[in-house]
Structure formats: C-alpha cells, structure tokens
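Chain naming follows the written order as A, B, C and D, and within any one chain the residues start at number 1.
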Amino acid sequence: MKVKLLFAVILLLLLSSLSFAQDDSAEIDTSAVVEELVLPAPPGNLSGVDKPNDHGHSIDLSWELSPDDGGGLNTVLQYDIYHWVPNLMLELNLVRDSISVIQKIIRKTTNGIIEGSQADSMKKVFEKLSRSELFDVRNSLTEYVKKGNKGLAEACKSYPEGGAWLFLDKKPSGTSTFDHIGSKEFKSSGFVPDFANLYYRVDAVTADGAKASSNILGPIQSSGQWYNTFRTPVVFSVLLFTLLTVFFVQKARKGADLYVRPLGGIEAVDDAIGRATEMGRPILYVLGLGSAADIATIASFTILGRVAKKVAEYQTELLVPTYDPIVMTVAQEVVKSAYLDAGRPDAYKEDTVHFVTQSQFAYVAAVNGIMLRELPATNIYMGKFFAESLILAETGALAGSIQISGTDEIAQIPFFIVACDYTLIGEELYAASAYLGKEPVLLGSLKAQDYAKAAIIVLAVIGVILAQFDFGTEFVNLFEVVN
Amino acid sequence: MKRLVPLIITFVVGTVLILSVFIPPMEGLGENFTLFFDIIAVFAFFLGGGNLVRVHFQKMSRKSDDWEFSIVTLVGFFVMLAAGLFKIGNPGDIASSVTADGSLFQAIYRSVFVPLSSTMYALLAFFVASASYRAFRAKNREATLLLVAAFIILLGSTPFGTMLTSWVPESWSIFQIPNLAVWLMSSPNLAGQRAIIIGIGLGVVSISLRLILGLERTYLGDDNA
Amino acid sequence: MKKTSMVVFATIASLFLLSWIVKGMFSEGSSPYLDGFLVTLAAFLTLAIMSFLYKDNPYYKFAEHLFVGVSAAYAMCLGFWSTIVGNLIPRLSSTVSDFFQVNYIEGDYNIFFVIPIIFGILLLMRLSPKAGWLSRWPLAFIVGTTAGLNFVRYLRSDFINQINSTIIPLLIDWNGFGDFFSNMNFSATGQLVMMFSNLVIFVGVVCGIIYFYFSKEHTGWFGRASKVGIWILMITFGASFGYTVMGRISLLVGRITFLFKDWLEIIS
Amino acid sequence: MLSPLMAITVQDIGITVSLVFILLGLAWLAWRSFSGKEVDRRIIFLFIFFSVAMPVIFKISFKFKATPIVNALYEKIESLPNNSTVLISYDFDPAMAPEVQPMADALSRHCLSRDIKIVYMCLFPTGQGQLEQTFSTVVRNEFPEKQDGIDFVNLGYKAGGEGVLNVIVTDFEKMFPTDVNSVPYSEIPIFDNIKSCKNLDLIISIGGGRPGIKEWVLFVGDPGNIPMAAGVAAVVAPQLYPYYPNQILGLLGGVKGAAEYENRLRDSDPKFADMPTPATTMMGPQTLAHIVVMSFIIIGNILFFRNRKRGEIS
C-alpha cells in the first residue's frame, strides 16, 4: 500500500516537472533568436521516406542544403535535426531518467548522475527511501513506461498540440541526409513507434547560433518490410548453391560417376606408407587442433580412414595423438572401422588413437617427443593448424621423416610448403577427402563448389570485358550488395 | 533420440539465422539466437575449466607421468579463478571492471599470463630462423618462386632494401625494392589470396549447408560415446 | 632428484630471490617488494619458457602447466562477468541483477533466456560419463548457429563481393596507343604498372581458381592456366612467409625488451 | 667544438661491435656448413637471440615512409569531422601485443587528439587486459581532460566472437546493456545517437587471430556497409589484401605498418613530436634479424646447390 502511495507521489512530482521540460523545449524555437544575428537561408525541401528494407522504426530524411552552406554567406556550421514528440514521450523520458537515478542510488554510484535541479530534486526524494522501497518504485515505474509506450502512436495524432520539438542530432555543414534509426524496443528511450504520425524539422545553424528552420515534414510513418530487396543477389546465390548441392548429392547417390582429378599429395601418401613398411617404422598422423565440426578436421577423418586401411593391410604401426576429446572418439571409430574393412580387426590397438592434451604448446611438445623417440618414417599433418605448424614440421624434418601436410589455415600453408615434402593447399584438402572417400555427399558438394567456381570465372571474364566500356558498370552492380 | 534431436536443433537454428538475413521482422529472433549462442559459449569455457580440473585430478590420483605438475596447473587455475570471481583487490565494489588496475586478477594477468603466452609465441622466431636455414631451398621452380618472393618481402621490410636500390631512377621506380614489395603484396599476393579464400569460402558455405541439412553428422561423434 | 639438478635448482632459486630483493630495494612506488616480486616472476617465467629451446625440462613444464591453469581461469572469469552477469542475469531476475548491481532489462520474451541456461547445463553434462550424450544438444545449437551465420556471410563476402572486386578495368586512363607509348615508364605509380597490376590480379584470380578446379584434368590450356595459378599461389605463400618472419621477430623483440628494460633495467 | 672522435658514443661502439659480431658469426656458420659439419639447431637459436638483443640494447632505429595502404587509414581519420565516433576493437592477446599494441595506442592517440570519440570493445578475453594498458599509457595519461562516457567508453569483452558481431550490427544495447564499469547503455552520452554499428563512422579492428578482422568484415562491415579498417599482426596481413580497398579501406600490417603509422603521425603535427614510438624502436632489431634470416637462406641454398652438383657427379 505504502509503495503505491509513494509511486503516485513520485509520478506527480515528475509530471509537474514536465511543465519545465516544455519550457525548455520552447527555448529551442527559432522565434527566440536574438535580432542582431544574421539568419542563414533555411535548408529547403525537407523530405523523408520510411527506411526501406528494414524492420521498421526508422525514417530516412533528406533536404536541400541551405544556400548559405558552401556558397552565399557561407555561414552555416551545422544542421540540427528535430522531431516532434507528444507530451507522453517527454513524460516517459522523464520517468526513464528517474528510473536511472534510482538505479544509480541502488548501485551506490554517484558518478554520472544527471545534472540539474530536476535531477537533484528526484535524488532527494529517492534517497529517503529504503532499499526495498526503491526496488518496488523502480519496478512500478518500469511497468508504467511499458504501458505508456503502447499509447505513443495514439498520442502522436494530437500534432501540433500537446507535444514539443525534441533535438535529435546535429550534422556538419555539407550534409543533406540523416537516417533517423529508432529503437525497436519499447523500453528504450530512442523508441520510434511504427504506423504513428511522425514530424521532422531541420535547422541550419551558424557559428553565432542563428538558426533557420526548414519546412516541417509530416505526417510520415515508419513501418517494417517483410523482405530485404537489397539482398536479392545473396538470396539468389543461396538458393542456387543449395539446389546445386542437393542435385549433385542425389546424382552421386544414384551412382553417377563424378570425376575428381587425382592429387599429388594423396598419391604420395600411398608411397609413404610403403616406405614405412620397408623401414619397419611407424606412421604418425596428426589431426591438428580443429574441433570435430571444422571442415578441415572432417576432411582429415576421411584421409585418416584411408591411411589406416593401408596401414592395416601392410601391418605397419600407426600413431594418432589427438588434441580434442571429441575428435579422439571420432578418430577411434574411423580407425577401428578401417581395420575392419582391411580384414584385420585383430590388429587394431585401443591406444593407436590417444588423447594428449588440450593445450596448444603442450600438445606440440608431446608430439615432438613422439617424433624424436619413435622416429616415424612418415608424418602426416592434415587438419587445422596454427602457430605450431612450423615447430612440428621443423622437428619432423630433423627426425628425417617424409612429411605430408594439408591445411586450410592460410597463414600456415607457407611453413608446410617449405618444410614438408608434399602439401595439400587449402581447398585441395577438402577435395582429397572427396576423392578418397567417394562418398556421395562429399562428391556432390565438391561438384557444386566447382560449378560455383566456374561461375566466378565466367562472370569475372564477362565483367572485365564489359568493364572496359561505360555500360559495363550495370553488370558490375549486379554483384554489389548494398546494406 | 540421441541423433534426431540434435539434427532438428541444428536445422531449426541454422534456418532461422539464414532467414533473418533477408526477412527484417526476423532480425530480432536472429539476434536472440545469437545471444543464446554467446551465453552457451561461456558455458563452453566452464566446460573447459571443469575438464581441466577433472583431467588433472585424475592425473594426480593415478600418479601418471609428470603428475606433480598437475598441482601447478590446479593451483594456478584456482588462484586465478578466485581472484577473478571475487574481484580480490579491485578498487570499487562489485560493479567495477574485473580487469581494473590494481586488482589481483590484472596483476596475475600482467606478470604471469602475459609473459607466458607471449614467450610461447616468441619461441616461433627461433623456429622460423632455423627453418629458413635448413628447409628453405630452391628445390624446383615453384619453391624458387616462393623463395624469391619471400626474399623480396624480407628485403622490403628493412631499410636495407631501400638503400640497395635507391639509385634506380623514378621512371623505373617499380624496381626499387620497397615498391616491388608493396606491388607483390597488392597484386600477385592479392590474386593468390583471393583464389584461396574463394575456394575455402565455398568450402565453408558447403559444409554449413551440409550441417544444416543434416548431411554431415561427424560432429555428433559415434553412437556409443 | 639428482644431485646436479638440485644444484641447478638452488642456483636458479637464489638468483631470482636476489633479483627480487634487489628490485624491491631500488624500486619506487607504494609497494616496492610486491612490484619487485611481480617483475621477477614475469622474468622467471619468460626464461623458463625460453629454456624449451635448449630442451624440454622441468622449468619449462612448470611454466607451461601454470599457463594452462591460468588461461582457463582467465577466460572463465571474463566470460562470467561479461556475458553471464552482463547479458544473462539482467534478463532473468531483478533480485540477482541488484545483487550484481546491473540494471534489470525489462522484456516480454525474457522467459526464453532459460534456454541458454538449460543448454549450458546440458553442455556441462559432458563431464559426466553417463549423461554425456545430452551435451550433443547444445553442441547442435552451437553448430547450427555457426553454420547459419557462416552460410550467408561467406557466400556474400567471400563469393559475391569477391566477384565484384575482381571485375576491374584493365585499361586505365586510356587515351590511345600514341599517348600510351609516348608516356611509357616503369614508375610505381605509372599507367603501365597500374595496368599490369590489374592484369596480374585478374589473370591471377582466374588461374588460381582454375588450379582449385577439381572436376577436369589439368591438361592442355587448362593445365597451363593451372600452372600459372600455382605460380601465383607460390608467390603468395612466399610473401606470407616473409611477412611472418617479421611478425615472429617482433614477438621476440617484445620479450627481450621486457627482460632488458623492465627486469634488468639495462636500457631505459 | 668536439673533435669527430669525441662524438663517438657508447651506442656507436655498441652498434659496431654487434655488427662485427654478427658478421663473424655468419662467416663461421658458412664455413662450418660448407665444410660439411652439422650445425646444432641451438647454435642457430643463440645466434637469433643475439642479433635481436644487441640492437635492443643499443637502440638502432630507422625512419619509414608510409605505404598507400597505411596512409589510407591515416587520411580517413584525418577526414572525419569532430565528434565522429570510431569503434576500436581489441581482438588480440598478449602474444600478438608487441606487434599490434603500438598501433592501437597510436590510433587512440590520433583519434582523441582530433576530438573523435572512441568506443572500445574486444572479442578476445585477453583484449580487456590489453585495453587496460592503453587506458593507463595513452588515454588517462596523455588526455586527462577526456571523460569516460563522453569522449570514450570501454565496453569490454563479450564471449561469442561472430555471435557478438551479428547482434551489434543491428543492436548495440542488446549485446552491451552496460559498459565495463556496469554503467547502463542509456546513461552513456556517447551512445545518445548510436543504436547499432551502422551509426559509427569507422570501425577499426586490431587483431591477428580468430575472431578478428575477417569476422568484422563478414558480419559487420559488409552487411552494414560500414567503413572498416584494420591493424593486424604480420602473420595474417597478406590474407586481408583481397578485402582492400572495397571492404577494408586501410590496413596496418605488423610492426612495420605500426612504425609507418607512427612516423606519419609524428611528421604530421609538432604536438606528436614527443610521442612514444615503440614500433619504430622495434624496427632496428627487426632489420638485423631480417638480414640474419636472409643470410641463412642464402647459405642454406648455396649449400643445397653445391651438394646437388656433387650428387650429380657421383
């Protein structure tokens, strides 16, 4: 009961101070300008549209520069943009201010409290309240704002009565557009209601403070759109790519023979396994630091499957130290089934794939240790690699192993190329897994990617030819996604 | 159940986020989903911490190799955690920034975390040098191209390169080493990088599509785990 | 412990103890011995990591293990304060918000913010051997979000926008052949070089993509184009290598500066 | 008048001695390699250590002219009107700090001195620790008159990487209900007219990993059509060239980019004459180390070709 009373008192206090607020806004009016000042010519022809292709709550304004901006008297310093708001909005802003004063008292921070007599009086009232009362008042006020905001659109209809011009923003001279991007949240002070009558005005301001107002724009309404037409090129490519992928995956599933060219690095893997067998030394397979959802790691699993199968056939030893626990379980599965495929499930050892640690350099130190102790005949690095790539490849070279690598981490490719014998560059890693796995899903999506690449080549060639002529720009603009 | 629910979640979330790009009213929903994602990402940090504690306690109880060092990890972990969560030594109260100057958290950050992580990466300087002595060879035409490009960039990033070719006249200035280095970066390098990012970009697009459509399920692990 | 390693340990310990005392005696500030300790600790850890270059050793292992623990806790604390306290709690409960002194955020859909909590807790289930499979749900959410976000963004920025950027004029300031030949020079900003650059970019991108085209055998003109592609790629990697050397050396300079300036105070 | 001999300082002697030392070392290395003896990797490590340490001690430094891609960012900041708002994101950890912290400091200095407001945030948890360093060395130290919340604001770190970016491109407050000191968004004057990244005049990401500048371009720069620039560690700089100039208007790559920016800034206005230039200082050791690395490559390759020739004969 007591809280309700308090709430009423505070609200009354706030509403009474609203008359001050209106007085404040009256000051802004151009009629108050002192006579000695030379008025600039006003900006002309203020017009506005609902901001296209957005979720609403925003208006794009544009005007013609004042003749005294960049010419004439050349006195215009800036443009002040105003919008008309109903009293309800001013009231709600005040309530919001008082909520924030309460918050600050609750937070025991005095820094940044709104200046001025009004805030002081609020502060005085609030500081007398107990903590729990403060919370209650705050919650009631918040509820009040929430309810009040819903009536804003209705209140806007009263223009020009029952409201005031509110300063929005200033723009430097030479600017002739302003996008009033309102908030879509009821609770935010920048809230702009959709389908409400909005009014705008732009003032040209000189360095002395003389102001000249443009015509008043309004009523104008903001609204949301259902579809962002600016992004049509993206929609097209999303649809095309999806269709291409689904089409080729289906085709591959039906057993169509989709050609993938052989890759040097993959041929080298087979040779390297043979070499390891001859030398009687193990093969080290490093899956990198990626997670099981990383495309490079997924590609690496397929290659690991192939390597494990060959290893099982040749009866060589395989070592797979892993960095990520999920990657480890998947890798175990892959290796186990590869041994099964090769008809040697008995040769599979549980610790072939083992977890090391999930710390980058500790992992490197451990793998380096394996390299120098076991002296593997071949080291295969496939997956996501970061700064550790060079340390691994360097140590491997020191141990005299043949090294085959592949990663899509661009920054690390040079180190692999320099220190390894074969390197799958970027996308080649993905292609390698499709080539080896012959899985319809992988083959199909590789095909779709190839078609997309072909499209780039064709479009770029046409575009470059057209770009030599003036009418080519229209073609280029097709690929320009604004906003 | 173990597979179907995750596949549905992935499909729904992925589709909503794609649609929210084109359909403005869905923007808010997309924002909320991403906010959920960010919050879950923090739980992933907690999972990382929990995992760390579990692994190192196991190591200690099993007395496996180097188990003594697990104590170091755990002490470091808990001290830092306490310093951060209780804001020990922070000026101001609970609302102050966790990294505020003067806090124990920031002190440990500066004198333990910073030297450790930056020295880890500084080690790479040594390995780069060693690799350039040992492995950087003009084995074939491709390797030679790589080597020459690297050499020009190395020269170009030192005043030495400027000195070496300052006699080249203005009308031939592209052959001055610094200009040549800039040109290498902004022409052939740009072309090569673009070719790679288009390829990898398409790879990412393709795997995203496969994940959303449920064609790619590796990340779920095996059924028994 | 062996006798030699005991001696090494004693020497190192006493040297750093000495450093702490000396630093504490000569440094100014409100708490000289604390500052001295912190700088000495940082120096010790720096040198401990560097000792890895000689060989793997207990000091390195100590530093390394400390790093693992501290970095995990660092990320947890930041995540807790910034996201859990900053974004989650204000949307859940005004009482808890008040405890942490953050503003409660009023919203009609706040109830849905229990979803990330449930998923977060399910994610932690991974720590339990029996309910571990439940962590696949939040994992699916994470994967779905990244896939959904990446799908459109990569298509737009790394595909459509890259086509747009590759369509460049090959003729620049073209006023006929006469003008071209009479003004021809090899200046870095000259017409010839600019035109050549654009040609290299265009041909380089096209040939580079051809190298990554897997559906056709690389023979004939296609093979030659792909050969040009790999040359361009090699120059690219060379440039990257050169740049990386610079980056790595900078880090070393940073550490050495710390040792000489902040710790030993040889330089000012 | 001092005789020329007197003008020789300890520094000059130091530089000469270190150059001689490095030259002798290289000669020894070449001789040892050519006589077919294995050189231990640790000797090479030691060598690199000295060639970096000596110029650090004796402070060899050089001046640099800004390349167009660096200048583009400088000019962009110069062209921004007063009271513009720039966002600087600290997307790096201490390991990259020697390269990129000087950029972050120089950019902050440049913006604040031109009365441009700065919104600081980070996508790396460690970025918040690094931000604190800029605050203590540049913001609070050199610009004591600038006020928190009015001239700059520190939003701190949020987890999620691209998830964070995807929200702030359309709604700032949703992601950052408060700044790092728990001051609510609505009470921060800078944000009066800023609802999303689209209201910013420029976004600069300082980084070198993931999430970093690439994510900024993909999730904020491109979708919101917002001018972007970047300062990055040298390792990733080459990868960002495809986005220049359409998607990134300027790029500082590695410590050289930072040094170029510092020099450009210092030459532009006498008030910057005394500013600290850590990146420029670092270019001295850089240069020597580069020369050593290049010598390694040359020695290695001469060795390689000699051995190959021998292999062919035998």
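Basically, a residue touches a chain if its C-beta (ideal position, glycine included) is under 8 Å from a C-beta of that chain, and two chains touch if they have at least 3 such contacts.
In this text, all values refer to a predicted model and were calculated from it rather than measured experimentally.
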Co-neighbours of subunit C and subunit A - touch as defined: B, D
Ranked by contact pairs, first place goes to B-C
What whole-Å value do you get for the distance between subunit A and subunit D if each is reduced to the mean of its CA atoms? 24
Whole-Å gap separating subunit B and subunit C, where each centre is the average of the chain's CA atoms: 4
Computed distance of Cα centres, subunit D from subunit B, in Å: 17
Distance from subunit D to subunit C - Cα centre to Cα centre, in angstrom: 13
Which positions in subunit B touch two or more other chains at once? 18, 21, 27, 34-35, 37-39, 41-42, 45, 48, 51-52, 93, 95, 98-99, 109-110, 113-114, 117-118, 120-121, 123-126, 128, 130, 132, 134-136, 143, 146-147, 150-151, 154, 157, 182, 185-186, 189-190, 193-194, 196-200, 202, 204-205, 207, 209, 211, 219, 221, 225
If you look at subunit D, which of its residues touch at least two other chains? 41, 45, 48-49, 52, 95-98, 126, 128, 156, 158-160, 163, 166, 171, 175, 182, 184, 222-223, 235, 238-239, 242, 254, 256, 286, 289-290, 293
Sequence positions of subunit A contacting 2 or more other chains: 103, 107-109, 184-185, 234, 238, 241, 293, 357, 361, 398, 410-411, 414-415, 417-418, 425-427, 446, 452-453, 456, 481
Chain touch graph shape: choose line, ring, star, complete or other and state it. complete
Over in the complex, which subunit C residues touch subunit B? Could you list them? 38-39, 41-43, 45-46, 49-50, 52-53, 61-81, 83-84, 87-88, 99-102, 109, 112-113, 115-117, 119-121, 123-124, 126-127, 132-133, 136-152, 154-155, 157-159, 162, 165-166, 185-190, 193, 197, 200-205, 207-209, 211-212, 229-246, 248-249, 251-252, 254-255, 258
Quick one: in the complex, what on subunit B touches subunit A? 18, 21-25, 27-28, 48, 51-52, 55, 93, 95, 120-121, 123-124, 127-128, 130-131, 134-136, 143, 146, 150, 193, 196-200, 202-207, 209-211, 213, 215-216, 218-219, 221-222, 225
Applying the document's contact rule, which stretches of subunit D touch subunit A when the two form their complex? 41, 81, 149, 171, 173, 182-184, 186-187, 193, 195-196, 198-199, 222-225, 235-236, 239
Inside the complex, what are the residues of subunit C that reach subunit A? 52, 56, 60, 64-65, 67-68, 94, 98, 101, 103-107, 139, 142-143, 146, 151-152, 155-156, 159-164, 166-171, 202, 205-206, 209-210, 212-218, 233-234, 237-238, 240-241, 244
Across the complex, what residues on subunit D touch subunit B? 39, 41, 44-45, 47-49, 52, 62, 64-65, 67-69, 93-98, 126, 128-129, 131-132, 135-136, 154, 156, 158-161, 163-164, 166-167, 170-171, 174-175, 180-182, 223, 238-239, 241-242, 244, 254, 256, 283, 286-287, 289-294, 296-297, 299-301, 304-305
